[in-house]
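Both of the next two complexes hold chain A, though its partner changes from chain B to chain C.
== the complex of A and B ==
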């Protein structure tokens, strides 16, 4: 019996206890929605709606509900990455009122709904990678005081977010270009950044008279790749592989690769113990790295599943545009392509996958077990 | 069929959404055996019920079945024990790592290595629609791929969705005794991948004995270049940050290299769509030029501000 009583105490849930710290994050029903009837969904309209709410009622009744409703509609208005909009929302909360005045208030989450609301706001900022600034800190300090949980959340964010903001070795601009050509250029530049010698070409398919699709092609080929292509055996066909995806943040760029055969492994039958006639090293060793690891070929383009001869992205990603790409490669310094066969192994573009809208139904077996 | 579904949904409500006291739950609501009902306990204040945090999918089997299954495994377990005793007698552990050489923990060149990993995604627990798979790629490597979906199921409980993860199985000694990796002679993680431009999360779990350490995972980001070229990422262990249940902790500390229990990779960058990560190997290296112990500040802050 004692064990049971103890267990009851130990498993007590926050709802049963006095502390209701984080329970209040269940969103309340918003009664008043000033965002619904906005003709234009943009930043001005959003800020205006907040201003209307602030001026409507001196006591600003229902401001927590208002902030939750506003947070939910940020994406709709396109302000979910806008620090100013978040600041305007924080500004709705009254200053000074929620600052705890004694240690009990400070410890037991003074004004829990309001604090949780501000924490949720900060969390949404974090999810959208919006870094707050010191003005926001001042606002939060004025609203919740030093001991407020939103302020601590802010401090945590300001500690961690700058550490990770510019960590990526392939940094992207804050706003990706809207133009697909510019985006494709960035993507191809990024995926071919292994070879600093790479040259990016932007061609128009109009140059090839037989082409049907009139579009652009971003093609990348380095001088080493040109040599590798020129040395391809004539009887072995080259393969155009793709489409593959590369993500530039949330934008997807489709690219294709032209792949040839890997050169045969260099064989060395010389007796390495024979020191009577040591020749000068040829300069390019066959392998780099220790023999324990999977071996690496001497150019980065030679990989174990083939030699990457060129990479491209086209405006339409169609078969015809790729044919034009091969013809253009041939035109610009790759004469071997006129003699060598090229195979197109294009799978149909990965169309939308059928995704069930509702929860997946239980399987038959599971049903049998259950019943 | 129909009545069953109704029953299921009803019990869903009573199990998860309503708050019962512990007593009434035990007496009035004997837990119905339901196939995929999500049954994650609410936040308890003092203790964790199980290591899986309510996501335990292991099935209970009867004692006789247990004995039958166990009998089949005795031979293999004794073989393992023999190997352990042999290693103990030989007493030839690796004391020093050669600088600049990578020791591979997993080299994904055959399907048997892939079986040491388990993939999970939120659809496994009816908490989302993401899918994931770990398969051999056409180049003969491990391919962690799937579809990331950030739609939230409309069950009124889940706020966010969209993750897919692979994690190594717990390393063990013979007779199913749990063991840990001992990586104390290394200081760098080396991973050779071919990604798709997304950023992934590397997770090193250091589960301890007590329940507050069960969810301790050290994280770091793996940025992938994308494209057809392989990339080798070398990440010092000092850069890994401590998180628990996905939340970065205020009180950070360096990981215990001799208590590593799992290694995993997560895809959860909030970008819906397909993901592809081809992995050639995961290894460890000792870099003598890297003498940083922990990359993040460890200074003391005011009382009652941090870790509350």
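== the complex of A and C ==
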């Protein structure tokens, strides 16, 4: 008898309610998608859709599915980097209901689906480098309590994200400017930050009457670079190289370099272990340094592939604008450029700016411009 | 390398001497203590030849450079007998001249013109010139005495210091006949010589640090072109211009009054193809030695400004009261003044000690000592002056400003403290390098010399523990009361070699560019000179029973005690290296601040998120 009872007990199927809880993960519940029919895909529309969802059903049935759907459509609405949108989504979750009330609930993941959903939301924030704030913490605490996994995830995020935010030595504003000129200024500033003495100039190609492209040029040259350029031998041409890319978060700026001759590498044939004749100054009061100059590579601008004598970004990145750049450099304190040949070695300019080019693009061959 | 210093062998060759020293058998040390006994030297007069008018110099034979040897922990104990240069007759003459000067210079009602007249009257403008040329043939000790009085007028003090230095350079550098032609004009005092050495710091990477250049033109005349810092204001004066020639050599040129191509521009002077007479009889090294004397003078000038600061402070304090009691009873004020007195004492001792080295020995090599004298005073002088001037605070605005500005000006005169420290350290380490080259090579290549390294490990265990064996026995050459301070000095001297060795074995030949550490070495060396001078002076004063000599003993003990701690710390920092002494980090902070466009750190209440 006892065995029968045991068998019956063992063969009895688990109740539907327990299974359903897990099965529902697999089932796709068709929910009304409030985001689909929005005529304008912007932040207001997005927040409004969330508000409609909150108001249409007092019990907020299907809120997890709704949040997943909303998360998936954030990019579409351009709110994937917007903290407010994320907060609005978290606010959809009911307050108090998911807070565990005893140690078993706390230990065995109370409302796992909802918690997972909140964690996914935080994960998406992290991927998009959106840093939550203390209000978000309060919201999560109200929803899941101190022992909820989303809150713990939040705390970890708040430890690391501020550190990552300032990891780069070139700090960018929270929102990058829309203006390409401003962006180019920031990009050039970043790549020329090796020399604190750099001077950034913004010129208009209109200044050069022969120019065809009417655009701006952001050019950077330090005093040391001016001197290095002035020292360039006349028979050795300067080379304009580029385009190179510099990334400002997700924005890319192309820039060009003007490259000259490099001085010879310093040779050091001293025996470093032999201290029998350490150099010493003459000792005449007021006389320091030397009467001669080192004629070897010693500045940061002198790299292995040449001396970078100037850097620029132009509005169109076209050959004509670069030609104007050279002319403008010549106009502003680099008179040597009028006598020295400049070679343009621009390989395959990016397609989108090729349209604006005024000259037919010759991809491979070097185009020598005798100036 | 450090590992290599951990084990030790017993070196017992000096055991017998040390044993006897322990038991104070004084006769044993008779030989070595002989040097510090008063020495009587007979002056030889040549009565046969009455035409000999020139001053006789009583110089002892050449000795090894004193402070350079300290860098390898070799101490010339003979110098613990404070040098006495002048005899009775010379001192009397000197005092007579000083009295005449004091009458004018210590009287505040006298004008600059009257003072200048007094200088001319006492033939001060001709002081370094020989007697046959109507000069005083003054040596360094006498010059310092004169300058001590003259420097109560800072401007005149600077003028006469430059004049003396230039005159000496001209005397040694010009050919005899040319010199005789102009010497009479030079010593009148109407046209004092001016020094033109310092240039602006280069502003372009293609500019050399030193740009004034001299070239021979078609007629065999040297033409000078360049810009110099010079306090001269008139055109009617002689200038001594340092200029490069033949690409990398330097030489001094004498530019005559009203020469062509000179243009004055504030404190700068521009030469355009100005003709100059080369001082080609003097080598670059000798020129450095002569011009280096200006450092000794600068120290004297600085010291007297500080002395005036003390005086002005005392005058301020005397009539004032605080809570019904005289302000002068406040112990903080007393200690501030006491510290200034200590600095003055140290600087004065070091100056006359160095002058004694220069005057008392054949072909002296005391460039470093002169440079150190300047830094002893400048380093402490500025701090002391600032401390003193906080006593009158805002009440004597003008007086304070003037004193502080004089001090600042003198401290930066001609060259900065940093560059002098570099000069001291590089010369010291150069000297040490010569002595220890073989050893350093072995330390830097330990696997080739395992035996040596083991020996080194044994030997330097005391140094590693900052507890060197005191085996110089300097106390034997001083008054017995000064035994503890002399042991402090001994400790410092013995640590110097270890510091040099550490630096050289760490950096090799690149030690010349380890500036922060060299700076420490220079300061340590400078303190040792001051300590030596102070001890020698106090011991001498006490032995011969000068007025207030017991106070001098206390001053000396105080100074040496505080200086020892300073040296101990500096050498410890050298030994620790850039990470423990925090140099590395400080350099990084400086670098970041120079490179960065904004503040290095955020405000203390800034937030990343809300």
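By our rule, the second predicted complex is superposed on the first by the 286 of 371 C-alpha atoms of A that agree within 3 Å, B and C clash if a C-alpha of one lies under 4 Å from a C-alpha of the other, contacts with A are read in each partner's own complex, and residues count from 1 in each chain.
In this section, a residue touches a chain if its C-beta (ideal position, glycine included) is under 8 Å from a C-beta of that chain, and two chains touch if they have at least 3 such contacts.
Just so you know, these numbers come straight off a predicted model, no measurement behind them.
By the touch criterion defined above, A:277 lies against chain C but remains apart from chain B after alignment on the C-alpha atoms of chain A.
Residue contacts after overlaying the shared chain place A:236 against neither chain B nor chain C. Of the two partner chains, neither chain B nor chain C is touched by A:265. Touch criterion not met for A:84: it reaches neither chain B nor chain C.
Contact with both chain B and chain C is seen for A:193 once the two complexes are overlaid on the shared chain. Between chain B and chain C, B contacts the larger number of chain A residues. Of the two partner chains, chain C is the only one that A:133 touches; chain B does not reach it.
In the superposition on chain A, chain A positions 193, 290, 292-293 are in contact with chain B in one complex as well as with chain C in the other.
Per the touch definition, chain B reaches chain A in the complex via residues 1, 4-5, 8, 19, 21-23, 33-36, 42-47, 101-102, 104, 107, 109, 123, 126, 129, 138-140, 147, 149, 153, 155, 196-199, 221, 223, 225-231, 241, 248, 250, 270-271, 273-274, 276, 280-281, 296, 304-306, 308. Contacts from chain A toward chain B in the complex involve residues 7-8, 10-17, 22, 107, 127, 147, 152, 155-156, 160, 163-164, 167-170, 187, 190-194, 244-250, 252, 255, 257, 290, 292-294, 300-301, 303-305, 308, 311, 350, 353, 355-356, 359-360, 362-363, 366-367, 369-371.
Across the interface of their complex, chain C is touched by residues 131-135, 158, 162, 165-166, 193, 196, 223-224, 227-228, 230-231, 270-293, 298-299 of chain A. Chain C makes touch with chain A in their complex at residues 195, 197-198, 202, 204-211, 213, 229, 242, 244, 247-250, 284-285, 287-289, 291-292, 294-295, 367, 371, 414-415, 419-420, 422-423, 426-427, 429-430, 433-434, 436-437, 440-441, 444-445, 504, 508-512, 594-597, 608-610.
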